[in-house]
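For reference, the structure discussed in these notes is given below.
Naming follows writing order (A, B and C), and every chain is counted from residue 1.
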């Protein structure tokens, strides 16, 4: 695999600044590149590397203004991250031709009543239950479990060990990573007079729409009644908890280890960082942005807010308050001193 | 399936208020019901829906006093949530007759030295090790692993992909959800002079008593010596961490993503919210109630407390302090102003 | 199995204080021992039990000075925890002779192009992909998945249900617990103009060096490009998230449910407690010690710090500030009172 900067820029619809004849043999990170690599610069934290990288070429945003001399050829595009991602895609296609998974490996378990689409892959030790429907182009990796009457849409990928319970619906073009669990019982228990609990049957299900990505070991519980719904385009990272009857609006992105309690509704196009916790039975407005480790106890009604803290408050207010939190011991001393002066006054 | 309100009220021992002849065909949530559904109202957050729901009937608590007119027939019971849960149970029984799992699917792996009870289900690709004892009515779903010499009590359900290590004991009527791990090594490493660590062998085991529910992808480590013990009636949600030698008292309920460090003992009938962290080697009194994302660093000796924060303090004190935390920048300015006035006095 | 205190002390190179002829039949915790057990005392929280334990002998540190009379024989060693861990090791060796796993159980799936070392164990329903290399003495428990071209070093143990993706490298003498996932895609999505996201292909891999322990259901994502690297001697607890392109320095120990965001580098010999969160693209200095539930938003440049809080500050400063946080409502009242006095002055 060998291309010129000219060829790559053509593919990306980019403008060249510098030597267009340089040879590119690989993709790399800006801080680790060799002389035949192409790299990208999107996060300005990495700008210093632009002036020292050995890379043949750097993909940058159109409006990037270098502060020093750059040895690499620049390829200017609308969005450097998106353009580089396109290149990675091409690279992946080239690489995958050698190990494309197709066909049905043995032994696997496919119920006679299951319906299978065309061009599918079923790995060894995968389990496909009664009445399951598998769309075209689906990949079911080894040791996956698909419970009775569950439906898997076209071109969806279930990586090794994914466990899906009965009566769930997974859309098209979804990617579910290893160890994720879909459709486990919601956490509902009715307290009894003697202090014990009786499990509330969870007779609902889970609907995952199209183009949803779900991370490794993430869990999505089925609804008590009705459905837990993950709308189209949602991206969930690893080790996330989604409780019964939760709804996540389309194109919302949630980072690792966040937890969403029962019956809560997250809006569309939200960005939720890692280790955030949401209380149950609340609604979060569209385009809400929530910082890492925040605690969301109440509904968020206004759209487009940036919130942090536990319970959440506006990020600027939190940072100001936290700055003073660090000075509290000093403030307390000053208060003591002033109080002494002020309250001693009458005796003077 | 079709019943009258009269029939359902009879089943639940409830008092009817309104038309008892209405037809019920399904169960639903109060905000989503159609004209032939029965619903319940227990959480007063949902009371507004009582006045607008299309449901045929609403199950309510005996002491519920409507604020407006309600079109649905009311069925008054002692505990609306428990009563509705009973109905769900009946509904689930009716539904399950079509897909009750029994028998032994092939291929599975059952050691010749394992003892199997009657009326069990063993799914394909399940692994049952040497000397394992499986009680009557047990369901071992596909891809479950049961290590050597582990014992599973009567009527316990192990959902797909549950992994149990060797020498563990699981009680009767337990439900363990997909991907949960029981009996992995405790996290114990002895530091060496050169900065490396040597693993401390974990020769103990795990005992889970009767009627315990364990959520998907939750992990319970085996003891270094002796046992990690989950007492009867405990309910654990998804993605919880239970370290070596922990003990959890009976009927304690713990929500998702909470972590309990080594050798800590949680009392009976506690309610622990999500994402809470417990330090190691501490004891938590019976009936302690801990809020989401709290950090419990020391033992809690007094029973019946409601605690939040990290480290935990009384919930009312925390809320008062947090209210002022938000005003800290303003408070700091006021302190500056007063200090200026007070300390300038001498120069006047 | 029966030894004298004399024999055990000889094995541990310890000095005996008391009766050396006592019989030892088992190992136990100091608070639970019977008259033929040997126990250890390393954590001084447990010192009170030294004066009441029924144990035959206690392993203690050389410098331990009892405050009261002790009935048990003392064995003084350099490091009581390490010495006891040695004993546990011997005990485990004795016990394991009866159930040592060797050989290849059927059915399992081994690609014809895989290379297998000598003295290995492959459990039933394990999956070994194309071009995989398995070293000598490796144990692959049931239902493990090893993706194409992945390499497993000598004497490494993969417990039931471990899922490793393609092109990963696992070192020698590693232990990976049930349900852990290695090599899942990094969480990278490029935003599009219409609000949707396109997955950025993750073409990198994961390198895990020698002597690494990984807990149950922990997830380590593959790199976008290049490698996610876990250096030698690292110990990771359960349910930890390690994002794409993260590097963890050698001999660093991380407790359960901690999450590390993309491209962050953790130094060597760090100690990270549970439920900690690290932002992406930061560096943490060697020998950093971070308390439970902390949030690390910026790089930590100075070595040997002990930090807590979110965002992290020095532990002593945090504790002082938190002490005053609890008194904020009282402080606010005092400030009000003083302000009243001070600002009323002019009117007097």
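Quick notes on this structure:
By definition in this document, a residue touches a chain if its C-beta (ideal position, glycine included) is under 8 Å from a C-beta of that chain, and two chains touch if they have at least 3 such contacts.
Not measured: the values here are computed from a predicted model.
For the self-contact between chain A and chain C, the two sides draw on mostly distinct residue numbers; the shared fraction is below half. Least-squares overlay of CA atoms from chain B onto chain C yields a rotation of 120° to the nearest 5.
Between chain A and chain C the centroid-to-centroid distance comes to 25 Å (mean Cα coordinates, whole Å).
The set of chain A residues touching two or more other chains comprises 107, 125, 143, 161, 179, 217, 239, 257, 275, 293, 325, 327, 331, 335, 338, 342.
Listing the residues of chain C that touch chain A in their complex gives 107, 109, 125, 127, 130, 143, 145, 147-148, 161, 163, 165-166, 179, 181, 184-185, 187-192, 195-201, 203, 217, 219, 221, 224-226, 239, 241, 243, 245, 257, 259, 261, 275, 277, 279, 281, 293, 295, 297, 310-311, 313, 317, 320-321, 323-325, 327, 331, 334-335, 338, 341-342.
Those residues of chain B that touch chain A in the shared complex are 27-29, 32, 43, 45, 79, 81-82, 84-85, 88-89, 91-92, 95, 99, 105, 107, 123-125, 141-143, 159-161, 175, 177-179, 211, 213, 215-217, 233, 235, 237-239, 250-251, 253, 255-257, 268-269, 274-275, 292-293, 322, 325-329, 331-332, 335, 338-339, 342-343, 345.
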